[in-house]
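What follows are several structures.
Each of the next two complexes has subunit A plus one more chain, namely subunit B in the first and subunit C in the second.
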Partner chain A sequence: MSLPDLAALWLTIRLAAVTTIVLLIFGTPLAWWLSQTKSRVKPVLEAVVALPLVLPPTVLGFYLLVAMAPDAPLGRAWILATGDTLSFSFAGLVVGSVIYSLPFMIQPLQTAFEATGRSAMEAAASLRAGPLDAFFTIAAPLATRGFLTASVLSFAHTLGEFGVVLMIGGNIPDRTRVVSIEIYEHVETLNYSDANSLSIILISVSFIVLTAVYIFNRKQAVHVG
Partner chain B sequence: MSWITPHKSLDHKWFVAGVLALVCATMPASAERANIAVASNFKPVMEAIEPMFEASTGHDLVISSGSTAKLYSQVRFGAPFDVFLSADMAHPERLIDKDLAIANSMFTYAVGRLTIWSWSETTSSLEAMTNPATRKIAMATPAGAPYGVAAEEVLAHYGLTDAVAPKLVLGESIGQAFAFAHTGNADLGIVSLSLVLQLPEGEQGHRWDIPASAHTPIAQGAILLSRGADNDAALAFLAFLASEDARQIIRQYGFETP
Partner chain C sequence: MSVDGAYVDITVTRPDFQLEMAQTVPTSGITAVFGPSGAGKTTFLRTIAGFETPTRGRIQLGHRTLCDVAKRINVPSHQRPIGYLFQDGRLFSHMTVDQNLAYAEARKEIDGGPSLKDDIISACGIQPFMDRRPETLSGGERQRVALARTLMTAPELLLLDEPLGALDRQRKLELVTLLVDLPKSLGIPTLYVSHDIDEVSRVADRVIILENGRVQNSGPVEETLGAYGLEAGRNPYESGARLSGTIAAHDPNYGLTQVAIGENTLHLPIHAAIEPGARIQLKISPKDVSVSLRRPDGISIQNVLKGQIEQIEEQGQTAFCMLTLSVDSQQLQARITRKARSELDLEIGRSVYVLLKSASFYR
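== the complex of A and B ==
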């Protein structure tokens, strides 16, 4: 294994970690709202959340490329704020990955929150717990498995992301050349042995992460406190 | 469906059979179908040549396009192509080495040209590349794409390699590199002239054609694949591609013909 290969792997892990953290921050309130609301727009929002599951990455990649262009509002605002383009940047990949992995965070969380039920939250409220307090002392601990499953799936799904990155990344070493792109380029240049060794690493990492979460899900008792 | 009686569905079958018979009767006896794998930079030309060829011979062409490296891999792993129009000479030569192509069928059907392209007149130049206002420069990846290899040689030729390295964004093919510039995500692109000339008149932006002397000529090789060795449509197409009629169209799209 040569050094640039590991750089791509490290970049991929960073992208997956940042994406998962961003999704936890923005996805938790959304999943909570979806689990509690009786609004008529709920099915519409659920459909929007699930769209990345069924759409090809080319659709997302295409619109992101258009939206991130320096003459588009998003692209222009980003250049004004940072001095660099959003497309072909690590931040741009995070934006794409957050959208692409959104259902992998929202759906397990929403299911977990729905399983918590209203009675526990109402009991907390009757004990004068504020909504935020009740969420962090009752709902969040009860949804531990949901958080873990959602985070691991988001992380693993971002590790395996390819199409969106190919379309908005520009293949820049240490910034946007993630491991899936590196593998693709090795295949294109007929360097099958490097493509093979990188693929095996990616399979191993994904397998270990997924196995760990399944073991944890079986053993872990839920503590509410 | 319940409203279709058995009698009617029988009529329907006879109708289909009649149409099929008619279609078969109107086709020339020798008409065959060939699958053509085309490097994406040549696809616009191919689309112009295809109807001419089909009208004059009655043969049918099925066109697949992609990067040269991807098409090569597909042929190597058994894709059902009869003819390969590569964007370089190296990939067809490798297919000959692997006995997947007919050695003496190879010829240069086009020689590609590079151009510096931008929507803006001020950024379509060599000088614009080192201008601090130019943030991103798109080109095809030198790993795999023949036009990327040539673009890298151009940068070296003008001594710009180090200066522009932080600004480079690499498309997996010359087509994607052009898309980066065309959508405005890159300020300018080092792209193939053929991609610019396929755009409608008045929507071609601005360009500075890079002298052919600044890089190794981008000779593009056509080759008959082993699968198509006895395919009349494939043989006729290769002959047509080398004809003056086809060469004229190829030149219109910004290629040179040997």
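== the complex of A and C ==
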């Protein structure tokens, strides 16, 4: 394989990893809130979270591109803060990927929190543990499997991203050219051999990661601590 | 303002249900909250613990106000000095038994007192499985661990929410003594929710009878349950009646114990060392009770009580009828044939001799 291919692969893995970490940080409180709330806006928010599952990535990418444009509020604020444009940058890809992979983080986490959350939190409160204390010592460890599933699915889903990246990131080597776009490039230029080897790598990585999750989930008990 | 024990005067409103009650929980002993499913017993406990918020009212524990809706005071549940034993124990499955206890101990309010950990562990009999995971324990073992864990926080009030509900009969017997003795020896006032009349009469000193979110009656266990059963025209003692008596003396020669019930004395084979003067409960099934118009002699049944017929119920088309008898102003039931009733000419108000074929006792 040639060098640009490896660069695209490395960029893709970095993007997936950063996206997963960002989603863990922002998705966990949102998933917790959704799992505990009795608010009337809950179904509305759940629908918003699930939207990326059904929308064509181009629709998502189109509106993100509009929002990230240098003359749009978000794009302008980003330029003021960092001196770089949000569109056609790695940061822009991360923003797009976070939204694109949001349901893959939120839904498994929410399910895991709902399974044990309230009753375990009440038990913790009856033993004088405050809400934050109880979350980190009880709810989060009990949701270990949920965290793992959510992280792996978010990571794997981001690996395969194409439409959103194409819309907001374009095709800039080392900056926004991820594997899926590289494959598209190879096919455009009738370089089927390189397209094939990259595709096989992507299939293998996704397959191994997903198999690992399903094996892990089959195990009866998860022990931590 | 300060109260002795706990004072609870609350209204909890739900779309399909309203709980409204004002009760004082004494500083010591066990107060049962008794009633059918859906009466609001658990809601009552959960509101005291702070898991539910009342729409009106006040909850006071000693000098602390835990909740006062009018003054917008609502202490969060984790800051209330209250222990809660859930029906299913709710042990943390990702921790060992030891870690479960340590979790509670690490968070108790520091008062400089000596750690009760070892005492609690040995009283609950859980040393053998300190290193085990909750899922490897039986239901009874789990509840013992859960009780120990709750006591670790040195609560000022203990709430037991159907703690025996998930257990089979044998396990219940094992646990019930522990549930009665341990909080008492630690001096923790206890609220005990149950829909089981057996448990309530064995465990509690006082009872609050709750139905459809309203208190029907409350007070000392025997009078309250007895009065309630008759007033409501139904019988909560369906599985048998209970007589309360006092241990008078032991007769080691025959292996019998004398139990005084009013002016009557029973001789029972109680194989337990109970000091004279102690109160015990006798459970007597209606099929083990006979009646006689004269004091019988030449009969192997030795336990005879003087009583009066209070009520006679025909049991449908069966050959039997149920007599409710008053013995030393306590109630007892006898199941006799309708034929016997008619031949002996038994009527309400008539004095009879009550013959007991067998009785089981509880402390």
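To be clear about the criterion, the second predicted complex is superposed on the first by the 221 of 225 C-alpha atoms of A that agree within 3 Å, B and C clash if a C-alpha of one lies under 4 Å from a C-alpha of the other, contacts with A are read in each partner's own complex, and residues count from 1 in each chain.
Simple rule for what comes next: a contact is a pair of C-beta atoms (placed from the backbone, for glycine too) under 8 Å apart; a residue touches a chain by one contact, two chains touch by 3 or more.
All values reported here derive from a predicted model rather than from experimental measurement.
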Exercise. Which partner does A:Phe216 reach: the first (subunit B), the second (subunit C), both, or neither?
Worked result: neither
For this session: Kindly classify A:Arg128 by the partners it touches after superposition: subunit B alone (first), subunit C alone (second), both, or neither?
Result: second
For this session: Answer with first, second, both or neither: which of subunit B and subunit C does A:Thr137 touch in the superposed model?
Result: second
For this session: Classify the contacts of A:Tyr184 with the two partner chains as first (subunit B alone), second (subunit C alone), both, or neither.
Result: first
For this session: Please work out whether A:Phe162 is in contact with subunit B alone, subunit C alone, both, or neither, and reply first, second, both or neither.
Result: neither
For this session: Give one of first, second, both or neither to describe whether A:Pro70 is in contact with subunit B, with subunit C, with both, or with none.
Result: first
Exercise. Is A:Thr85 in contact with subunit B, with subunit C, with both, or with neither (first, second, both, neither)?
Worked result: first
For this session: Kindly classify A:Ser119 by the partners it touches after superposition: subunit B alone (first), subunit C alone (second), both, or neither?
Result: second
Exercise. Which positions of subunit B touch subunit A when the two form their complex?
Worked result: 67, 69-70, 72-73, 135-136, 138, 141, 143-145, 168-172, 176, 179-180, 183-186
For this session: Show which residues of subunit A lie in contact with subunit C when the two form their complex.
Result: 119-120, 122-131, 133-134, 137-138, 141-142, 144, 221-225
Problem set entry | Interface residues, subunit A side, partner subunit B - complex | 65-66, 68-72, 75, 84-85, 87-88, 166-168, 170-172, 184-185, 187-190
Exercise. Which residues, counting only subunit C, touch subunit A once they are in their complex?
Worked result: 49-51, 76-79, 82-84, 86, 90-95, 99, 103-104, 107-109, 133, 135, 149-150, 152-153
